[in-house]
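Across the two complexes that follow, chain A remains constant while its partner is chain B and subsequently chain C.
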Partner chain A sequence: MFQLEELIINLLLNFIAREDLNAFLRNPQHTATIVGSLIAVSGALLGTFLLLRGMSLTSDAISHTVLLGIVVAFILMGSVFGQHPDLSSVWLIVGAAVAGVATVLLTELIYRSGLVKQDAALGLAFPLLFAIAVILVSRVVSDVHLDEDAVMVGEIGVAWANTNSHCLSGCESVTITPEDPRAETTRQCTNCRALGISPRDDKAEFTQICTNCGHYSPAQAWQAGFTEQEPVLVFWPKSITVMAVLTLLTLLAILLFYKELKLSTFDPTLAAALGFRPTLLHYGLMVLVSLVAVGAFDAVGSILVVAFFIIPPAAAYLLTDRLPRMLLYSSLIGAAGAYTGYDLARGNLLGIADLSDILAALNNLFGLGLSERWDSSISASMVLMTFLFFLIAWTFSPKYGLVSTMLRRRNQRRSFDHQVVLGHIHHHQDSPAAGEELAVSTLYRHFRWTPAKMQRTLRQLRARNLVQIEAGLVSLTGQGETHAHQFRQTQLTNESVGE
Partner chain B sequence: MPKPNTSNRRIWLLITATAIIAALFIPFSQLVLHVQYDYTLRTVALGGALLGIVSGVLGCFAVLRRQSLLGDALSHAALPGVAIAFLLAGRDLALLLIGAGVTSWLGVWFIRLVTGTTRIKQDAAMGIVLAAWFAAGIALLVYIQARPDASQAGLDTFIFGQAAAIIERDVRLIASVGAVSFIVLALFWKEFKLITFDPEFAGANGFRVNLLSMTLSTLIVVAIVLGLQLAGVILMVGMLIASGIAARQWTNQLGQMVILSAVFGAFAGGAGAIVSAVDADIPTGPLIVVVAFLLVALSLGFAPGRGLVWTLLRQRSDRRRFAAQTILEDLYHYALDHGRADLPAPEPFLLGVRGATAREGLRQLLARGHVQRSNGAWMLTPAGIEAATRDDRNHQLWSLYRQYADDLNLPVIAEDRQQDIADALPPESVAKLEYKLDTIRNAATNAVTKN
Partner chain C sequence: MSVHSGRDPQNDSATALEIDDLTVAYNSKPAIWDIDLRVPEGVLMAVIGPNGAGKSTLIKAALKLIPRAAGTVQFYGQPYEHVRGLVGYVPQRGSVDWDFPTTVLDVVSMGLYGRLGWIRRPGQSERESAMHALEQVGMQDFADRQISQLSGGQQQRTFLARALVQDARFYLMDEPFAAVDAVTERAIITILRQLRARGKTVVVVHHDLQTAPEYFDWVTLLNVEIVATGPIATTFTPENLRRTYGGRVAYLHEGQRIAGLEEE
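Up next, the complex of A and B:
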């Protein structure tokens, strides 16, 4: 990881000055947006396949149970190596991946027993694993930074602060030993605890110990005042590297196995028959989902990451019928949600509205006494923006949106009305009863319509130049005649085809 | 029908036994776990048990309608309601629960709307509600927690549940709301049963399926909302469905399942609440889920007729029972194919074809005196030939039954070739089949002799 970061930094420094890079990364908004977008993109890519396979809620289950993997790995590391790893250790990621696959296996085991339906099997497996994880968190590792809030919300807002420092020059790392002149020694009472003697007691024995022994990185050495020359440093947030690697891994896996994934998603039986091993792909996908879930865990928490797996693909699903476009759109929607979500957390809704103003208006209207400063969870706000984009896609999608569906239905209804009226006129035009059947004033009765609807339909038909009104009677124009005739022809064809 | 009655009695015995064990948990916790039953703990345990009953009863319907995960989505969807109610009205449990119910119910409505107007399937729609509503709840909670005053303390216990927060007023609230939902359930029992098992039939008979299923979903929302304080939004799904799944293993009747599920729920809720009261560090929700899952594991393993242990035993005894019959048949056909019925068949042949079954079958046949050894081969004794002939004839009669049951106007019965057909059919039908068999055989012999 460290070498990788150096490589990226050296690459970036060709284009941007070091001070600017540091300033850029030290801005919480930039780092949070980058990390959030990476999570959103990798989640959206994998979520697209999950959605198409009807497995969206598996991501929910997995993102809950990675906590168990993390906790178990944490405890094991503690008892084997005697020290607990920090939250971005590779072992925790491995533990989480194992837990993710274990969830899927446990679900299938319960389901295969034939005694429990599939949804119920999932609903049994993940609460159990999550419950065990929570009990372990509260009993065994209660003294570390792995509390329940971090489980759910994460701290993407402070992602910028958790950095690796990379040194470019003046890199003097310092090791302080007790003999070093810079070592600060202090006297400490060695027996006051054992004998119950206070350090002020004259029987207390003192030894010299060094309080600042150890290895200092260049940055720490400069801060502690051990080096004269200030090192030239780049501070690189760890979350960016983790999520970038995971996103690349996801992209690579999808590019490499695109054909196989596509086939096993849309036609698993054919995929199996052709020897593509859909089961293997299935578990590979589950491992990737677990990896992204655990990588995102630190930043957005285990529950909100579900949103990035489900909402962007669902929105993209409403916008297109093609898999490559769906992958692209869902990534874009996820990234856009992450980008605009940071502003929402500070109260700025897409630059259109300011939540503080809305809160103030609510206070004025109802006298609620709400705090007028909106400052909220960044990761939750990112999810809410993504959801807003889903709502927009749902409303305005050209093919499946509410508006276009409504318009299409109205057009269908209208063209049906037109056909019915044209047919009626065509049928009665030269019959003896024409005078009664085709009178404009009473025409609506024959269809049991309201007069207003009849008037509207006639107006539209006249505008299309299909009917004319002479002396209170409607009749077809030449064009209308052709139209009605054609319609009759297609109807006959359809009927004969139907038979 | 005598058989259902005995199984009925067994279920009622089981329900009583579980109830007694659940009640015995109180002295057990006093003596073994050294739990002191003070006023607070009594309240908490009672609350837990009541919630277990409510969610157990209503959870049955979620399980049977394949909507287990709806419980998960809806419990997450309750969080923003809690936060909004708190912002508007302060920390009054009844109002917080009403808020939770409203947003949760909006979640139900949203799921129906999305699945009704688009091609997004139910699971994804539930995922959207789960994530978006929960995010709204978290955003509001963080906003509330940023306030300077400390009155929001304890609001996040809704996320994981904390039994210690339950007071007597809450227990009364749970009891009365639960009673109301049970009355609704009792009033519409027949309708709910119908839309659960056969919604198409219900719709065809003029029941308003949409309205009824919305009502049922509303009742499930009520159960979820009541359980939030104890189990928390994340694990509520476990509490809702686990006791229903456990109860499903023991019975095939809805009424019994609901009652058994209520007892299981009371046990899980009460025991979980008591244990978590012993150590306040452990949130209640996870403990209840673990207890409930133990009940599920027990039921999956040991439920009579369905349980895994039961199935394994039955498979083993079936294998044994059929081993003798299979080998007898093998020997008989081998011998007949090679000329005469008492011809010995070599042992490697039998073992090679049937493996371990052959060894088991030969052992049983030897004990019955149907086979004997001769030079590393096995041959049928006269008694064995008689048994094999009888079996063979029985099989042929069954085959004829399958082929000619309609032509011969025979009564319709389930085909079971292990059974003697004379026990399954009335004598005159068997006589018809035997006559048919003899005609066919004679025809075959005649054809052979003519040629």
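Up next, the complex of A and C:
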């Protein structure tokens, strides 16, 4: 991980000065937006397949149970290896992946018993694992990175502060030993506490101890004044690296196994018959979901991760009916949600409105004592913005949106009304009863329509030059004849090969 | 217990599919029981039986899509894993989500994925093969359609094209005639006959007793156990049908015409 960061930094320093890079990364907005976008893109890519497999909620389950994997790995690392890893440690990620797969396995085990339905099995399995994790967090683990708040909404806002420092030059690290002339020593009584005596007591025995011995990183050595030259440092937020690696991994897996994932999602039976292993692919997908979920957990907590997996693909599903485009659109929607979500958390809605101004206006109007500084959860704001994009797709999607569906239905209804009238005229215009059936004034009765609807329909038909009215009788024009005839041919006979 | 009548497939021609002692159970309840079946090469065979007789189960178990409780299945003397490329499979139309975001041509290309193997992507030549298969089923104009826009019959023909593109030697089809219109039914049977003319062996789960003698030359009557199997002329008899359907079938025997009534 550390070497990878160095590689990225060296690459970036070709384009940007070190001071500018540090300044850029020290801005909470930049790190939060980068991390949020990476979560959104990897979540959207995997979520697309989850959505199409009808297992959207599995991502919710996994994003909760990865906590168990993290906690168990945390405890194991602490008690077995005696070290306290932070949330970007590889072992915690492995633990989370195991927990994710365990969730799916447990769900299937419960389901296979044949006693509960699939959704209930999921609802049984994941709260169990999550509950165990929550108890372990509160009883066993005491660490700033694993409190209940972090579990709820994550700490994407402070992701910029958790950095690895990379030294570019002046990288002198210092180790102070007791023999070093710079070592500061002091006497310490070795038996005072045991005997309950004061250091001034005659029986007190002393030993020399060093107060500043140990290893100093270049930054620490400079601060302590051990080095002449200030080291040149880049502070790189750890969560950017973690999410970048996970996003790359996701992208690579989907690029390599696109064909296999598509087939086993669309038709698992054929996938099995052709010798692809749908079960293997299924669990591979679950491992990826777990990995992204644990990376995202650090940033946005377990509750909201599911939104990054589901909302963007659900929006993209309404915008296209090609899988590659669905993957692209959902990634873009996710990233846009993360980008604009940060602004929303700071009170800026898409650059259109400043929420602080709205609060101030409310205070002025109604005399409310609302705080006028808008500062809210970043992860929740990102979810809200992503949902806003979903709403836009839901309403305005050209093909499946509410508006276009409504318009299409209205057109269909209207065109059907037209056909009904044309058919009626076609049927009766040469019959003896034509005078009675086709009188404009009473035509509406034959359809049991209101006179207004009849008038409107006739007006539209005349505008299309399909009917004409002579002496109070309605009849088809030549064009109307053709139209009525074609309708009978295409709509009232069964479908044919090639239509 | 199998009733061989007419020519004996083992002497007459090579055996395409051989099933021995096959039993499949769902929750310890047998779905098919002790099946012994030989399908000679080059026949167009119907698998006929009442609902719950295990027709689909038989096909799925032959392809190892569901676990077998006992028995062996061999295509051309080999287990299925060794000859996947020789066997084409048409699942039931309702087994997939037709709202999946993809095109007709893409679904047909999926038939070639087995030949491509892992990771390799379909390219221009695969697209051409898929297009050719679509032409065979009369769907070339639908290549770029989103699959949710297809009618039931068109969906079935898409599935058929997906099997054709595999260029297999042996085809297993699960109810290709289910709920399709008359035009599609004729199109499908034409394709099945073309396959037989090219020496392929085709096994079809079929529901319509009325059309069976006209469409097929070989038949297996199934009701959990095999009731009878052999040439349709000698096997598709009122007596065998009564044994298969347990007296629920009303038949009238005038020459080879048998009209069947089936539950549902």
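Details
As a convention for this text, the second predicted complex is superposed on the first by the 436 of 499 C-alpha atoms of A that agree within 3 Å, B and C clash if a C-alpha of one lies under 4 Å from a C-alpha of the other, contacts with A are read in each partner's own complex, and residues count from 1 in each chain.
Rule of thumb we're sticking to: a contact is a pair of C-beta atoms (placed from the backbone, for glycine too) under 8 Å apart; a residue touches a chain by one contact, two chains touch by 3 or more.
Computed from a prediction, not measured in an experiment: that's the story for all the values here.
With the two structures aligned on chain A, chain B fits next to chain C without clashing.
Contacts of A:Ile310 after superposition: chain B is touched, whereas chain C is not reached. Judged by the touch definition given at the top, the superposed model places A:Met454 against neither chain B nor chain C. More residues of chain A lie in touch with B than with the remaining chain of the pair chain B and chain C.
In the superposition on chain A, A:Tyr258 contacts chain C only, with no contact to chain B. After superposition on chain A, the vertex angle at the CA centre of chain A, spanning the CA centres of chain B and chain C, is 60 degrees to the nearest 10. Contact with chain C, but none with chain B, is seen for A:Leu270 once the two complexes are overlaid on the shared chain.
By the touch criterion defined above, A:Phe390 lies against chain B but remains apart from chain C after alignment on the C-alpha atoms of chain A. Of the two partner chains, chain C is the only one touched by A:Leu323; chain B is not.
The superposed arrangement places chain B and chain C with a least CA-CA distance of 6 Å. In the superposition on the C-alpha atoms of chain A, the part of chain A touched by chain B in one complex and by chain C in the other spans residues 54, 317. The touching residues of chain A, when paired with chain C in their complex, are 52, 54, 114, 256-260, 262-263, 265-267, 269-270, 272-276, 317, 320-323, 325-326, 494-499.
Chain B meets chain A in the complex at residues 63, 66-69, 71-72, 76, 87-88, 114, 117-121, 123-128, 130-132, 134-136, 138-143, 146-147, 156, 159-160, 234-235, 237-238, 241-242, 245, 249, 279, 281-283, 285-287, 289-290, 293, 296, 300, 306-308.
Those residues of chain C that touch chain A in the complex are listed here as 27, 60, 63-65, 81, 84, 87, 89, 91, 95-97, 100-103, 107, 110, 113-114, 116, 118-122, 138-142, 146, 148, 151, 153-154, 162, 181-184, 187. By the touch criterion stated above, chain A contacts chain B in their complex at residues 51, 54-57, 59-60, 64, 110, 113, 115-117, 119-120, 122-124, 127-128, 130-132, 134-135, 138-139, 142, 148-149, 152-153, 303-304, 306-307, 309-311, 313-314, 317-318, 345, 368, 370-371, 373-377, 379-381, 383-384, 387, 390, 394, 400, 402, 405.
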